[in-house]
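Let me begin by handing over the structure; questions about it come next.
Letters are used for the chains, namely A, B, C and D, taken in the order the chains are written, and counting of residues starts over at 1 for each.
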Amino acid sequence: MKYVTILDGESYEVEIDKDGKITVNGEGRDVDFLALSPSLYSIISDNRSVQLVIDDADGTVEVLMKGRMYETQVLDERALMMAQRRGGLGSSSGDVQAPMPGLVVAVPVNVGDAVEKGQTVVVLESMKMQNELKSPIDGVVQTVTASAGQSVNKNDLLVTVTPPEE
Amino acid sequence: MKYVTILDGESYEVEIDKDGKITVNGEGRDVDFLALSPSLYSIISDNRSVQLVIDDADGTVEVLMKGRMYETQVLDERALMMAQRRGGLGSSSGDVQAPMPGLVVAVPVNVGDAVEKGQTVVVLESMKMQNELKSPIDGVVQTVTASAGQSVNKNDLLVTVTPPEE
Amino acid sequence: MPDTVRINKLLIANRGEIAVRVLRACRDLGIPTVAVYSDADRKALHVRYADEAVYIGGSRPAESYLRKDVIIQAAKQTGADAIHPGYGFLAENADFAQQVIDEGLVWVGPSPRAIAVMGDKQQARTAVTANGVPLIPGTPAGLLDDDLIAAAYEIGFPVLIKAVAGGGGKGMRAVHDPKDFAESLATARREAESAFGNGDVYVEKLLVGARHIEFQILADMHGNTIHLGERECSIQRRHQKLVEEAPSPFVDDELRRKMGEMAIAAARSVDYVNAGTIECMVDKDKNYYFLEMNTRLQVEHPVTELVTGVDIVKEQIRIARGRPMTPQENVMKPRGWAIECRINAEDPYANFMPSTGKINTMITPSGPGVRVDSGVYAGSEITPYYDSMIAKLITWGETRSEAMLRMRRALAEYTIMGLKHNIPFHINLMNSFSFIAGQVDTNFVETRFSMDTYEDPPTSQDLETAVIAATLYAHRKRQLASQVVGPRQRDASNWKWISRWERMRK
Amino acid sequence: MPDTVRINKLLIANRGEIAVRVLRACRDLGIPTVAVYSDADRKALHVRYADEAVYIGGSRPAESYLRKDVIIQAAKQTGADAIHPGYGFLAENADFAQQVIDEGLVWVGPSPRAIAVMGDKQQARTAVTANGVPLIPGTPAGLLDDDLIAAAYEIGFPVLIKAVAGGGGKGMRAVHDPKDFAESLATARREAESAFGNGDVYVEKLLVGARHIEFQILADMHGNTIHLGERECSIQRRHQKLVEEAPSPFVDDELRRKMGEMAIAAARSVDYVNAGTIECMVDKDKNYYFLEMNTRLQVEHPVTELVTGVDIVKEQIRIARGRPMTPQENVMKPRGWAIECRINAEDPYANFMPSTGKINTMITPSGPGVRVDSGVYAGSEITPYYDSMIAKLITWGETRSEAMLRMRRALAEYTIMGLKHNIPFHINLMNSFSFIAGQVDTNFVETRFSMDTYEDPPTSQDLETAVIAATLYAHRKRQLASQVVGPRQRDASNWKWISRWERMRK
């Protein structure tokens, strides 16, 4: 199985054969990859022993290793083709969801507003703190389903932002 | 549901109704009983908070609480009747099984030997220690399936002892 | 001379790690304990570790941990003759302290009057000023918005807006530019109203590049008041402390002597008894200002315990019993160095957003020089009802560098899975040159620290390992998905499925 | 004057808690680490915590942890320039030490000659006697069975049969009655043969009512040899230590001075360098006898660390580098008190039978004064290949009673599920009046302690709680069983089952 994995804008060709043997950019690697518990893995590769937390969300595989986060995209051949046809890799979603149950304190944007990535679109109170939820992308506010004073559950969709037309 | 539970030779009548309400020897008890993990339980009863390890084997329910082991037998009405018909409660089995994988070092008894409760019937080497497996009852050796030099798995039956005829 | 009283049973009016901490002290003293718990906390560690546990209501604090009458009733019902409030909840509630005392119970804490005076920022300022304690220039409480903005101009920007009833960074906002003042004021009032039911705020001068340094005070009923040295608490984010250490790398013997005397004078200004903390700001030129007194056990008390050998909670109980406290002299020479990292259920990669969920895996670090004060375990649930601190990791070393190396080691060992937490933040902080050099101020985390940049960038080997791991993860997930049988195939062999399901249940 | 060498990377030729302990010391020193592991240990904590890990073979020790060449090859391959052997396995193997040195690697331990001499009981006796160290009367090694029985009569019963190559109680038998001598001799020889590949034994006088007290020695290459005080190790079962403390409640200043001098003389008799332990028997009249020297880090070293502040593993590495050790004086005044309980996977209710299995739940105690040295975690498997000690729980207090109270508390907190372990034994021991009073000898556990009787019997409330819990447990199990649907009902709704099964998989 061939994959192209992207990290920090760089592409790595990773091939995994049926016996589990691995090559990275054509070079063989000796890898012992083991699940320790849900999301927790141990790798011993060329005797280096590392513990990793791995999770995925929206097509991104996040690897946390020695206190550092590596965000990767793993594409098989079909996904790679589709991405290339789309003209780019890894456009992220503009959905803003409640990361936890809480009380909406303020929604400082309206439908149609242009917002920048990182701009606060909802203020959510939870765990005695006011948390500012930010837009994940540059774009335009498409829908606002949250309103101040409303109690929301985890993962409730609050605001959606769509990328600007190009 | 009515039970008779026996601890240290004393019988307690315990009744559990459909709502989970409990009486012990006719007196109501306020009990909050909660599983924390397999075998581990928390009881809050009249505000006393206790953690317990509970397991059962061969009809005995073992409760480990504050470093002390309480061996109980819990009998429902049918079991109680049957036990009374049998003429006694809690006669234990004479099977000697391997408590863990190991190497049989010696079997100092033969079929037909009279043995006392606590007498060594098999010596098993495991974890670098020689462990003496004892007869759980007074009786006569009925079968010997283990022999010196043999490797055995956990729970393999090694020797059976039957109670003497009365 | 006070009478010595016995404590036969002690109720802890709190939850989480601090309830466990107080329980442990009681166990070490042989005093039976009573825990209280809300719906959300039936399985909590403090309930499991206590001798008795009393249910006091719903999950929200107002329904349980803040219910004074119900908690006092729980003490009466179980025969507890003393109450330790921990920190937060009712710890700095003078009415509650008074009620406890009126009911004939021992209050493990300072007098209601001391709590009330120090709990009101303005009264506190008046009290300590009388004893010659230096203050940061600021306004009184109770001013209207227009007066506050005028005062802010007079003091000179930057300024800090602070809640009168505040604590823990809630209802607090720094304002650098006058044009942001109105909005920040509104936010601060809103937060204060929501957190403390009191939206009153005041304004004071914001010291730039200043450190947060505090002194631990102990005072008994026999007239002894001492300090146990200082704690450096400048590693903060939004005025919430994240890392504390003792001693402070900034404090020399002379400054310790002077600030220690000031701290004792501040405590004496309210005839303080029991453990308390004098919080100060210290600028680059070693000018120091009294901020406030926390009239309770402090979250970060363990670092002081490790460098002084004093068990502060045990001393609190001893003092509450009317006995002379064990240490009798100011601690001018701390032994070694201690660092504490607060482990919070907050995602450092998502703006420190709080995270909830069930901890499914936990490996707690241990070994030489490591202490963990925690209220959670594998299987416990982090709910949105309480604050996000789930544990405190504390290390000790002969020197600051040994304590830091041990902290790095302990952080690397600490495995908590099932929710997001800030251990990666601490790992990166311990690698930051500024922190290593002790060159920090209260704005360091927000202005000079980032989770995205590393002073010591990842090696190509690290990058490759991450790529391999991510790819294998995705590969396995894909393979697993392809093994999920479609509905048509399932019907064929019902029995296989059942037995498989039964195996799963074991 | 020796040259100081650098250690750039250190390989730990061991597993379990002691491998983790050495890893931690290296981390605290900033030295990168290499672990080695067998098939059974791929998921072990020492593999997870090390920077590098080398697979060295099958699960049985002979296939992995005892393979000298493979371990040295692992060091070469990873560029490790030093080897720490831990205890057990190759730690007291003089050939291995020599091989390590011959390969140009740093051996973190004493000279091969010191290991060889002290490893041979007879040579050891000869060596220390030359320095005036008192010995228990006994026979030489290599005697035939008939000569041993004759010697036993001459020495006078009771006697002790001991393996020449022994350690840890293996191949050791006490004989009180001459008629049991032949059988015990056969068993001892068999055990020694199986454990050490050497069935040779000798006989010595058994001291009745004696204590096992040992001194920790540190010696560097600069001619300094000191002791760090004693450890009391009389709580044993079948010659395996279960609980150790420092200091000993039996040792006064005068005895400490005399025995300490003797311990240093014993170490000097083989020009000892690095950490080592002089084990002694001490009778009721404070007569003391040299038993043996353990030429390695001892399992129970943490109690000494807690009362002296010395990190013994760090000192071992320092000494191996040729540097002068940090402590320079004998420890005559230990600070406070420390107790260690060995947590073994052994069932105290079934004759301490070893137990294997997977740990499914683990809560590790922590808080003030508690240290845990462990090699296991929830999810790890205890296999029959290695010894049954899975962790060490160590507490410290200002006084012996504070250390004991903390131990009780920590034992109550310690939750390990999935296999049988001896925590209930330790809980009962900590409640035993003899232990509390410090009135113990090496036969205490076997002759005067029982898991079935309590000095403080269970209350009727305890009994009732046990009855209620047992009944509810059985009731629930019964209800659960009645909910298991029969095969006929299953066919009805296949889809429900599938979705249930899928939920289970999450």
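Following the convention adopted for this analysis, a residue touches a chain if its C-beta (ideal position, glycine included) is under 8 Å from a C-beta of that chain, and two chains touch if they have at least 3 such contacts.
All values derive from a computational prediction rather than experimental measurement.
> Among the chains, which has its CA centre at the largest distance from chain C's?
Measuring from the centre of chain C, the most distant chain centre belongs to B.
> If you average the Cα atoms of chain A and of chain B to get two centres, how far apart are those centres in Å?
Chain centroid spacing, chain A to chain B, equals 53 Å.
> Whole-Å distance, chain B centre to chain C centre, using C-alpha means?
Computed from C-alpha means, the inter-chain centre distance equals 47 Å.
> Could you give the separation in Å between the centres of chain B and chain D, each centre being the mean of its C-alpha atoms?
One centre to the other, that is 31 Å.
> For chain C, give me the residues that contact two or more of the other chains.
Counting only residues that touch two or more other chains, chain C contributes 361, 379, 412.
> Of all residues in chain B, which are in touch with two or more distinct other chains?
36-37, 48, 51
> Tell me, which pairs of chains are in touch?
Listed in label order, the chain pairs in contact are A-C, A-D, B-C, B-D, C-D.
> Taking the touch rule as given, give the residues of chain A at its contact with chain D in the complex, in rising order.
Listed in rising order, the residues of chain A that touch chain D are 32, 34, 36-37, 42, 44, 47-49, 51.
> Under the stated contact criterion, what part of chain C meets chain A in this complex?
Against chain A, chain C makes touches at 170, 187, 190-191, 194-195, 347, 349-351, 353-356, 360-361, 384-388, 411-412, 415, 417-418, 423-424, 426-428, 431, 451, 454, 458, 461-475, 477-478.
> For chain D, which residues are in contact with chain C within the complex?
20-21, 24-25, 27-30, 45, 49, 302, 305, 311, 361-364, 366-374, 377-379, 397-398, 402, 405-406, 408-409, 412-413, 487, 490-491, 494, 497-498, 500-501, 504-505
> Spell out the part of chain D that touches chain A in their complex, as residue ranges.
So the residues of chain D in touch with chain A come to 34-35, 42-43, 47-48, 50-55, 77-78, 379.
> Flag every residue of chain B that touches chain D in the complex, lowest number first.
Result: residues 1, 3, 5, 7-8, 10, 12, 14, 16, 22, 24, 29, 31, 33, 36-41, 43, 45, 48, 50-54, 56, 61, 63-70, 72, 74, 76, 99-102, 105, 125-132, 134, 154 of chain B touch chain D.
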